[in-house]
Each structure stands twice: as structure tokens, then as C-alpha cells.
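Once you scroll down, you'll see the structures, which are given as C-alpha cells.
In the two assemblies presented below, chain A is common to both, partnered first by chain B and then by chain C.
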Partner chain A sequence: MSVVAVEDLTMRYRGHTALDGVSLALEPDTIHGMLGRNGAGKTTLMRILTGQEFETSGRVEVFGQPPRENPAVLNRVCFIRESQKYPTNFKVREALAAAAIACRNWDRAYADRLVKDFELPRDRPIKKLSRGQLSAVGIVIGLAARAPLTLFDEPYLGLDAVARQIFYDRLLEDFSERPRTIVLSTHLIDEVADLVEHVVLIDHGEVLMDQDADELRGRAVSVSGPAEAVAAYADGVPVLHRSELGGRARVALAERPGRPAEGVSVDSLSLQELIVLTTNQGDPK
Partner chain B sequence: MTETIKALRIQLLKPGVTVAVPWYSIGIAILIVTALFAVVGGGSPPYTGRTTGALCAFYASGIGVQPWLMNQLFPFSMALSVTRRAFVRATALLILGEAVLAGLGLALLNRIEIATHGWFVHTRVLNLPHVHQDDFFTQALVYGVPTMALTTATAFVGAAFRVFGGFGLWVLGVGMAFVSAVVVAILMLTHSMGHVGHFFATQPMLADFALYPLALVALFGAGWLVLMLRARV
Partner chain C sequence: MDEGRPLFQQIAEQIESSILDGTLAADTQVPSTNELAAFHRINPATAAKGVSQLVTDGILYKKRGIGMFVASDARRRVLDRRRDAFARDFVEPLLAEARRLGLSAADVRDLIEKWGEGR
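On to the complex of A and B.
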């Protein structure tokens, strides 16, 4: 059974359609990448999944039940947002104590280890933390909560590359020991490309892509060579992007057509390139 | 119930903010007043001449607590998957607990003030003439219910800010001020102001300090509940 099942979900807010007929399912024990541009609707979707926002229409089920005001569902969910608000006069240790009270799978020893890894000052008030430290507090809570469904929405704003790598390492390490459903929304697609197992691409409130990451990685290609040969090779395949200079052409294809002709080179597109091109293009299917 | 207790425990993680502030304030107020009258001296002045308004410090200092709860602790609690209903129930328990504590605590301080002849300097901080009750528990009601009314009103304001933002709160404030002004104008034009004053003056003290504040609790509490159950994070 899917952990998350969404059907024809629409959310309108003050005349703006944040989500428009979204349908998707998130399988258990998987790291899902929720990707898309700013304002695409990712955060809104995650807020609805965690009962923080109210949908206009459609069906939303998390662990087989509607999440809104449902402790049976919400007790198994942890949602860490980019702009997560903490009580400013709380110290780091008080924020962690609150999480320990609320999260039934809270692992204190693991939280202590993460606090050390991220070099968080336990007794410093939240309002005196740097942006990166604030993100680290969210990451510690999100990981140590060990919620069966954990959603991270741009969790590492302000974190340096080293701290981000610590996050990826800990996430993967903990996930392999205790598999659970993780939804990771990020703009740093290249950094998470090897981490995510399933990709949901949202743009303008619609799902453009909902696929296995491995499939995606092998599927889309960049083809370059003499313009005529490239055109012949790409014939009948959805083109995501095309550029020409002189007699040479370079196209990005949503699928690998087959064996290329001589002089035509074919390279796999990175997940980031695929996402960027698909977002610019619209649905490749 | 477990969810409510969970939410309440989170609210009480900072007891210095949620519960203790009014007690610091009244403690400091008593110290200042006592020191002031000890320095002023002057033999044995009439007891009524040393009546102070220091009790206001108790009520005024707690007005920031609920807006803090609604606007800082509520979003954080929801991130930790506390439901709105659990948060609301926990806050209602907190408000009730604070009111009971305020009633009994202030009534006890009142008794101490009487026993020490006005903190040894013949001053009146708590045993004010218009709120005095002979019975301890009635005295506790007279102190406690207005605390509950004030806390509920500030919770409503905090929730209004949470739901409507700064501009919405401003509109609400202006709207309430306008309605109040209209009511006062009608009372003035119909020469009824005196009747209203007379009505409250002739009511039993318990009605003025417990019954009518309880009506405010019901009014603001209902508004607060409606807003919180619709609050987005």
C-alpha cells in the first residue's frame, strides 16, 4: 500500500491555483525527490500531506487515512520546512526536548550524535543561531524523529557543502539501517541525484514527472553531431531542447532512440539537466 | 488525552515564559512598593492613603504569553505533528491552570498582606477596598476569573494575528473600537450611561469580578477556538 495517495488534488488560494488536479502515490521505504521551481506547489503539497493546509478539492490519504487533524496519521509524520519557525526564545536543547516529547520514535542518542556532527550549540537561543545552524536544528529533528514518513522541504538553506554532505551521509546511513519513507524537496538536484530513488517533478501546480529515478537517469540523452544526422536520429522522439550552430546540432531527447549513426554522439543527461529541460518544455510524454 | 498532554508539555517547556512572568512582576512590584513606603516612612499614615495600583503589573505582564503561544509555539508544534485540536485543548488547560494558580496565589498573598499589616509598611497592593472578600475562595475567584478573561482575550488576539496577519488584526482592532464608540455614543445620546454605571455599581462584587468576566471568557474563547481550528501554518 502507498504511504501517500493523492487523487485529483486542487488547492486554490486567493485566486491563485497552487495545485491543479495533482495525482500521485508515494511508495513506502523509499527516498522520494520532490523537485520543481520556486512556487511550483511542492511546499503546498507537503503542507496538505501533513495537515497544515486545507485542500480545496480532491482526495488525500496518508497511511490510508486523511491526514487533517488525524493524530493516528500525524503521529507517524515529521515535516521540516525551509522556513520552519521555532519559538525564538527557545534554546536548541529546548527545541530538541519538544521534539522528544512529540515524536514517538525519537532517538535521543542519535540526536546527540547529530548535534555533535553539526556542531550545534545546545544552550544558544534559537534567535542567535545562524541560518545554517537553524537548518541543522531542523535536520537533527527530522532525522532523530525517525518518523515513518519524514518530509524535508529545502532543509539545508544556509548550510555549507560540508554540512550538506554530513546530512546526505547520515540520511543514507540511517535510511539503510531503518528504511522509511523520506520526501526530500530541493533545488540542489545534482547533489541529491544519487540519493533519490523516485522523482516527482511539479511545475505550476501540476505533476510533470512521477518516475523511478534509475529509469529517468538512463532514459534521457543529449545528442550532438551533424544537424542532419541528429535530426534523423531524433525523429519521432520527444525533443526537450534543441540548439544549432553552423551545421552542427545538439538536442536533448526524453528517450534514447536506439543505436546512433556514425558521427552522432549520445550522452546521458544528468537528472538536473533533465529536470530543467522538462520544466522549460512541459510534459515530455 | 495523550495528544493534549503532549501539547501541554511542549507549552510548559518554558515555564518562565508561560507561567512565571506575572509572578515575577507582582513580586518585583511588592518589593518596590514596600521599599518605597519604607523610605518615605511618615509614622502611621492612614491605611487607605497607601493604596497602590501595583496589582496591574500582574495582569499586564502576562498579556504577551498567549500571542507568543499562538504565533511561535503553534507553528512549531504543528511541525512536530501536534494537531490543532490537541494544541487548543492544551492551551485551554493552561489558561484554566493559570487562572486557578492566579486566584489561589493572589488570595494567599492578600492574606499575607493583611497579616503583615501591608507588608510592614501599611501599604495595599492586593487587599484593595473594591475587591476585598472575607472568604478565601471567593477572593480567589475575584482574582482568578479576570485573569482567565484577560488571558482568553489575548489568546483571541494572538489567534487573530495568526489567521489574518498584522493588517487583519488592525482592522479587527479598528472595528472593535468603532463598535465600542457607537455603543458609547448611543448610550450618551439616550442618556443611558448613568443607568449602565448604576447597574454595574449595584451588582454584587462577585458578579462584577467573576460572572461578567466569565461571559468574556466564553465570548473570546469561542472566537479563539473558531480561529485556531482554521489556522494555517
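On to the complex of A and C.
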């Protein structure tokens, strides 16, 4: 059974539609990548899934039940936000102690290890932390909570490349030993492309893509060569982007055509390139 | 890892290559999916898919509760498959580029012989 089942979900604020008829199923024990531009609707969706906001219309189920004001669901969910707020006077260790009380699967030894990994000062007040250290506190809580459904919304603001790699490595390692459902919202598509098993792309409040990440890999291609040969090769396949210069053409195709590439060169597009092109295509021109 | 191809396929190919060059001998244990995932920094489900592909192909076999092992005839199977793919992966693009350059198949044959002698 899906951990998250969303059907025709719409969220309207005054004069603004944040989510527009979103339908989605997130499978258990999977790392899902939630991708999309700023303002696409990712955070709104995660807030609704975690009962922090109530949908305008549609059906939302988490662990088979509506999340809103439902402790049976919310006890199994951990949501780490981009700008997670903590009580102002808390020290790092107090924030962790509070999380330990709130999260029933909390693993204290693991949290201690993560604090060392990220070199967090336990006795420093939260408000004196750097931006990156604040993000690291969120990551420690999100991992050590070991919640059956864990959502990370852009969890790494201010984290340097080394600290992000620590996050990715710890996430994979812990997920391997204790599979659970992870939703990771991020802009750094290249960095997480190999970590996520499933990709959801949201743009302008709609789901543009909802697919197995590994299936996407190598599917989209960039084709270049003489304009005529490129057109012949690309015939009948959805074109994501096209450019021409002096009789030579380059097109990005959503799928690799089955026919042999006569006279053209074919290169695979990375997941990031595919996402960017798909998102641009979705934009009203 | 290579951006352009499914990761599970690349995992399978790397294990195949280790079998081919003798690093993984018959009846030895291959790394677990979690070890593969951690080493390559990829999703464990993807690593598992690569391994199970090789089980389906008869290149690996499972010992319940222990792990995956190299089948006794795995090397021959991998060799057969790689040889089948050789024409498509190497000879076809070679001839396509030769055509663009105005070289005939006979010219290419001559070149191969010349290069082979130099080795």
C-alpha cells in the first residue's frame, strides 16, 4: 500500500492556486526526490501531507488516513523544513532532547554520532549557530527520528559540499539498514540523482513527472548533426528543445528514438538537464 | 557513474567485468546490495535491481541467508554476451565513422591489421 495517496488535490490561497489537481502515490521504503522550481508548490504539498495546512479540495491520505489533526498519522511523520524554527533560547542539545521526546523512534546514540559527524557545538544556543549548522541540526533530527515517513524540504541551506556529502552518505547508509519512506525536496538535482529511486517533478502546482529515476536515466537524449538528418532521426518523438545554427541542428528529445542514428550524434541528457528542459517546456511562452 | 544509462545496468556490468577479469571467481560471494550502494553512492534499490538482473541471467545465484555468489559458468556466459554485443557496440560505430570519412570496409580491415602488427 502507498504511504502517501493524493488525488485531485487543490490548494488555493486568496487569488493564488498553489496546487492544482495533484494526484500522486508514494510507495513505502523508497527515497523520493521532490523536484521543481521555487514556488512550484513542493512546500505546500509537504505541509498538507504533514497536517500543517488543510487542502481546499481533493483527497489526501498518509498511511491510509487523512493527516489533518490525526495523531495516528502525525506520530509517524517527521518534517524538516528549510527554515526550521526552534524555541529561541534552546541550545543544540536541548533542541535534540525535545526532538527525542517528540519522536518515538528516536535513536540517541545515532543522534550523538551525527552531531559529531557534523561537528555541531552541543552547548551553543541555536540562535548563535551559522546557517549551515542550523541546517545540520535539522538533518540530525530528521535522520535520528527514524520516522516511517520523513520529509526533508531543502534541508541543506548554508551547508558546504563536504557536509552535504556527509548527509547523503549517512542517509543512504541508514536507509539501507532501516528502509523507510523519505521525501527529499531539492534544487541540487545532480547531487541527488543517484540517491533517489523515484522522481516527482512539480511545476506551477501541477505534477509534470512522476517516475522511476533510473528509468529516466538515458531516456532523454540530445541529438546533433546536419539539420535534415536530425529532423529525420527525431521524427515522431516529443521534442523538448531545438536550436539551429548554419545548417546544423541540436534537439533535446524526451525519448531515444528506436531507429539507428544515421549521420547524427546522440548524447544522453542528465536527469538535471531533463528536468530543466521539461520545466521550461511547461512554462507558458 | 555514467549519466546516460540506467544505474542498475551499470552495476550489473561492473560485476560482469569483475567476473570477466577474474576478480570475482566462480562460487565466490559478491558484495551485498548495501555495500554496492554505499560504495557507488547510489540508492540500494537500484543496486539490488542490478544484482537481481544477474540472478535472472544465471550469472549469480543466491544462497539463502548468506548472499549472492558467482555461478560456475558465469564467466563463459558473460564472455558470450560481451562477444555478441561487440559488433553492435564497436564495429557498427567504427564502420559508420569510416563511411563518413570515405573509407571502405577493406580500408578499415587494412587499418586493423596495421594496428594489430604494431602491438
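Methods note: the second predicted complex is superposed on the first by the 280 of 285 C-alpha atoms of A that agree within 3 Å, B and C clash if a C-alpha of one lies under 4 Å from a C-alpha of the other, contacts with A are read in each partner's own complex, and residues count from 1 in each chain.
Please note the rule applied: a residue touches a chain if its C-beta (ideal position, glycine included) is under 8 Å from a C-beta of that chain, and two chains touch if they have at least 3 such contacts.
Not measured: the values here are computed from a predicted model.
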Do chain B and chain C fit side by side on chain A in the superposed arrangement, or is it a clash? fit
According to the stated criteria, A:214 is in contact with first (chain B), second (chain C), both, or neither; which is it? second
Tell me which partner A:164 touches in the superposition: chain B (first), chain C (second), both or neither. neither
Does the superposition put A:270 against chain B (first), chain C (second), both, or neither? second
Is A:32 touching the first partner chain B, the second partner chain C, both, or neither of them? neither
Touch check for A:42: first (chain B), second (chain C), both, or neither? neither
Considering only touches as defined above, state whether A:173 meets chain B (first), chain C (second), both or neither. second
Using C-alpha centres in the superposed arrangement, which angle lies between chain B and chain C as seen from chain A, in steps of 10 degrees? 150
Taking the superposition as given, does A:54 touch the first partner, chain B, the second, chain C, both, or neither? first
Under the stated touch criterion, name the partner, chain B or chain C, that contacts more residues in chain A. B
After lining up the shared chain so the two structures overlap, which partner does A:197 touch, if you call chain B first and chain C second: first, second, both or neither? second
Nearest CA pair across chain B and chain C in the overlay: distance in Å? 26
Contacting residues of chain C [partner chain A, same complex]: 1, 3-8, 33-34, 37-38, 40-46, 49, 96, 100
Note which residues of chain A are touching chain C in the complex, please. 30-31, 168-169, 172-173, 175-177, 179, 193-197, 213-215, 217-218, 262-263, 267-271
The residues of chain A that touch chain B in their complex are 47, 50-54, 69-71, 74-75, 77-81, 84-90, 94-95, 97-99, 101-103, 141, 145, 147
What residues on chain B touch chain A, complex-wise? 3, 6, 9-10, 13-14, 17, 68, 72-73, 75-86, 232-233
